[in-house]
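So, here come the structures, one by one.
Okay, so chain A shows up in both of these, paired with chain B first and chain C after.
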Partner chain A sequence: MIFALVGNQNSGKTTLFNQLTGSNQHVGNFPGVTVESKTGEIRGHKGVSVVDLPGIYSLSPYTSEEIVTRDFVMKQHPDGIINIVDATNIERNLYLSIQLIELNIPMVIALNMMDEIRSNAGSIDIALMQKELGVPIVPISASKNEGITELINVAVKTVETRQYPKRQDFCTGAPHRTIHAISHMIEDHAELIRIPPKFVATKIIEGDQPLLKALQLTETEIISIENSIKEMENSLQTDRKAAIADMRYLFIDRLCSETVVKPLESKQHIRTEKIDRILTNKYLAIPIFLIMMGIIFWLTFGVIGGFLSDLLGNAITGFSDIVKSGLEAVRVNAVMVSLIIDGVFAGVGSVLTFIPTIVVLFFFLSLMEDSGYIARVAFVMDKLLRKIGLSGRSFVPMLIGFGCTVPAIMATRTLPSERDRKITIFLTPFMSCSAKLPIYGMFTLAFFPNHRVWVMLFLYLLGILLAIISGLIFTKTVYRGNPAPFIMELPNYRLPSVKSVALLLWDKAKDFLTRAFTVIFIASLIIWVLQTFDLRFNVVAGSAESMLAGIGRFIAPVFQPLGFSDWKASTALITGFMAKEAVISTLAVLTGTNSSNLPQALGQIFTPLAALSYLVFTLIYSPCVAAISTIRREMHSSIAALGVVLFQTAAAWLAAFVVYRLGLLLI
Partner chain B sequence: MSIIDYLLIAVIIILGILALRYMSRQRNGCQGCQHCQYYDGCNIKRKREDDQ
Partner chain C sequence: MTLDQLEIGKKSKIIAVHGQGSLRDRLLDMGLTPRTEVIIRKTAPLGDPIELTLRGYQLTLRLEDAKNIEIEDAS
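Let's turn to the complex of A and B:
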């Protein structure tokens, strides 16, 4: 038995999915977190699964997320639908419910956030609403785990006893006549594709082209359908889409006036409005955001994260020394000792050191997200992004890009326009992902110990600035046109949930640990082998005679104008293509140092200006392999993915060149 | 080279194979976990459906 979990964005679907299945999917406090469907088995009900689908407002085929949800419900034919409805925004949520009911699939409505309605003196006549809609309704509070067991029982019973919606006719007046006329005309065709004729008729009136095509109607049938629709438009003096929307809202307004006692304005909402007057103020919003980011960087790199990373670095170095002494005591071969200490320990250890920094940074970012502030930042950024021809919606994927480019590119599916989506995919790699943090952390420690926060802030802002410049280039040349309108619901501010923050931090730490012990481990082994042996597989006296030195020297001239022509620096950039953290592990292996001594070793390869140029290059150059393959998959084009690689690398070279040459002029 | 050296080489080779195996599963999209957000595009899911 399969249930589709369907609802508006930010209505609590993923929270309910987690409660139903006992899983721990990331729940965001801004719309568009779910971009792909997720499946899980309902707790205590073997063989009963639920699919969490992306949030949508209607069953139209306009955005990728609408298409994912619509395709699942219409083509996969789930046994039942659990429609989650946000009771605090009931009118807009019921707009989707009515369309789902028209699909004639056993369905139950989970009326979420009922605790908020009750605590603000509101009420909903559940029995009357059930009667009017013809489907069972269960009041729940997903975040407090209230009503979930009853919801499961009702949902399973609805499917087992094959309770189809008792009512499917929500129309009146001219649209009513047109819907019925068209549904008779297309009845046979609709049955062939197993979708109720009345639903198909309504969608055709709305101008649903994919559905019209799927019906395979004759030319004559299409003409007579068009005539019926035009007749309706003339009699109502409105267009087809507005006619259907008016018809649905007329029914919803009447239903709500009979069944809903509106809650008073909640304390949270009053507080939210007060805070928003400052945080989204026309003049203060952006300075406040920058100050907040500055404080977060200061705490992360200067106070808490930096301190913890130093402690961990010392512990790893101490452990590495103990292992080295142990290996030497049992007379292990010197080459083997070098492999374990200079290869594995130096490589993996240099990356592991940054776990505390990453956890601390994401702790603050998750507080911002879970409190509802990030949604405001997207709103504020809309104006700025519009100036470069993008909408504020593009900000959400870009923001996710500060964590990892892979989910960020997938999150572009929430963008309604293909033009916006392509530009956003091109710009997202400019946002500095968390894998680059070890590089920044190590280089700022080595070359700018007293100005770490400022260098970090400079790098992050430079990424954003270059994204803006590239965005302008794209929208003035290849992707001309207007951005899609941006409508985003701003959630009330709330205290961040400990569980949500802890889960996010665990996910980040786990991901980082996994990469350290897989990609970085393998990269360190390969680098160690290449720098220990020559082409005849003889152990070399110094790494300058190794195979790797040969490869590094071959590409090093490309970077000479940028200030770093040492073969070790260019070799580290190649391994960074596999995973960005590998830049640091490679430098650790090549210099034969551990995380504590690496800053001194870097001082012999780079000057402070060359180090800054290197940082700028690593900030912008080609995304890692995983990100490139995601771009290829999402854009369905290998050429586009190659384009991103070339564009980013060229931009990186140019930016590093400008920074280095300007620096030379100023010093 | 002593027996400890050979043992250490074996351990590193096994760890390397395990890491590569894990990475190759990740690159293929998934490990077949139904709770995974990428489950829809996963090869193992497709294989399971084909088997059915």
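Let's turn to the complex of A and C:
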């Protein structure tokens, strides 16, 4: 039994999904399309799963993410729909509900945030609303875990007893006649694609081209449909799209006047206004945002993340030493000991130490997103982003890019225009991702121990500056045209639920651990083999004669003008292409050190200026394999993905060259 | 008059959403239908976009797009 979880954005959908499934979730692909989806088994119900679909406001597609949701409910024919409705914003939420009901799939409405309605002295006549809509309604509070068990029971029962919505007709007046006339005309065609004729008729009147094509009507049928729509437009003195929207909202307005006692201005909204008076204040908004980002960086890289990473690093080094003496005590072959200690422990270990930093960074990013602040950032920044030809909404994926480029590129699906989406995808790799943190962390420790935060801030700002320059170049050349419209809801501020944040952090940590033990593990082994043997597979005395040294020396001249010609540095850049964290693990393996001795070892390879140039290069050069494959998938183009690789690498070389040469002049 | 001319804090009602294309469809889906009450809450720090309240929630859109929304003259 499969449920589709559908609802507006900001309706608490993800919170409900987490309550329904617990940690019993997995990320997969929607059948047929390469879009990631989250599926989970409902707690206590074996074989009953629920799919978390992207938030939508209507079944008329607008962004590529919304098309995913629409296609899933219309083409995959789920057994049931759980429609989450934000009771504090009930009119706009029901606009989606009545369209879902028209699909004639067993459905239950989860009326969320009922706790807020009650605490503000509002009420909803659930029995009457249930009767009017013809589907069961369960009042819940997803964040307080109230009503979830009942929701599950009702949902399962609705599907088991094949309880279809009892009412299909929400239309009145002139549109009513037209909908019925068209639905008779297309009845046979609609049955072929297994979608109720009434739903299809309404969508066609709204001007839904994809659906009209799917029906495969004859020319005469299309003409007579067009005629009856024109007739409706004439009698209503309005156009088709407005007529249908007005009809739905008229029904909703009447329903709500009968069933909903609206609370006076809610406490949550008053609180939101108070917070917004400061956070989106004319003079304070931008300074506060910058200060907040500054504090987040300082906490992530300095105080919390840095401290925990040091602790973990020492623990891993200690453990590695114990294992090494253990292995030597039982006289394990020296090559084998080297494989385990210098290959696996040095490689994987040096990357593992950065888990705390990454988790802390994602903690702050998810707080910003779940609290509703990120929408304000888009509101405040829209005008600035428009200067580089984008809209405020592009700011969100870019902020996520500071965590990881892969989800950031996937987040561009929320953008309504293809043009904005492409530019945003091109610019996101300039936002320094968290996998580069180990590199910055190690190098600043080795070369700029007293100015660590400043050097990191410089790198982050340099990335942003280059993104702005590239954005201007793109929108003045390849992607001219107007930025997409900017319409966005500003939800009330809410405290993010502990459970949602915890689940997200667990997800990120798990993802990072998986990578550490797969990609990084294999990369460490390969590097160890390449550096331990020469071409005839004899064990070399020092890694300078190894195969790896040969490869590194081959490309090293390219980096000569940037100030780092050591083959170890160039080799690390190659492995960094697999995963950025591998730059540090490679340097650790190549210099034969562990994370606590690596800073001294690096001092012998780089001058401080060359180290800075190296950092600039790693900041900008080609995104990792995972990001590139995401770009290829999202843009449906290998050429675009290759373009990103070449563009970023060329930009990196230039930027590092400028930094190094300028530095030489200044010193 | 049009929505971009409405003073901050004053109430008015929507008459019609003009223009065309996906932007207009989205505005209608979001509930900007005739007779709906709207209030402009504030403008963004840089003067654009604006924040408005309708149907009990907050929506932001640009001044340029607000020009397409016809409203009753504020009294």
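Observations on the model:
Simple rule for what comes next: the second predicted complex is superposed on the first by the 607 of 667 C-alpha atoms of A that agree within 3 Å, B and C clash if a C-alpha of one lies under 4 Å from a C-alpha of the other, contacts with A are read in each partner's own complex, and residues count from 1 in each chain.
In this section, a residue touches a chain if its C-beta (ideal position, glycine included) is under 8 Å from a C-beta of that chain, and two chains touch if they have at least 3 such contacts.
Because the structure is a prediction, the values reported are computed rather than measured.
In the overlay built on the shared chain, the residue A:647 is in contact with neither chain B nor chain C. Once the two complexes are laid over each other on the shared chain, residue contacts for A:280 go to chain C alone; chain B is not touched.
Once the two complexes are laid over each other on the shared chain, residue contacts for A:164 go to neither chain B nor chain C. By the touch criterion defined above, A:657 reaches neither chain B nor chain C.
Of the two partner chains, chain C is the only one touched by A:383; chain B is not. In the superposition on chain A, contact is made by A:245 with chain C only, not with chain B.
Note on chain A: of its two partners chain C and chain B, the one contacting more of its residues is C. Of all residues in chain C, only 16-17, 22-31, 33-34, 36, 42, 44-49, 51, 55-62, 65 touch chain A in the complex they form.
Against chain C, the residues of chain A that register as touching in their complex are 57-58, 60, 62, 88-92, 95, 206, 238, 241-242, 245-246, 249, 262, 272, 276, 280-283, 285-286, 379-380, 382-384, 392, 416, 485-491. Those residues of chain A that touch chain B in the complex are listed here as 21, 23, 25, 34, 36-41, 49, 330-333, 336, 339-340, 344, 514, 517-519, 521-522, 525, 626, 629, 633.
Interface of chain B with chain A (complex): residues 1-2, 4-5, 8-9, 12, 15-16, 19-20, 22-23, 26-27, 34-41.
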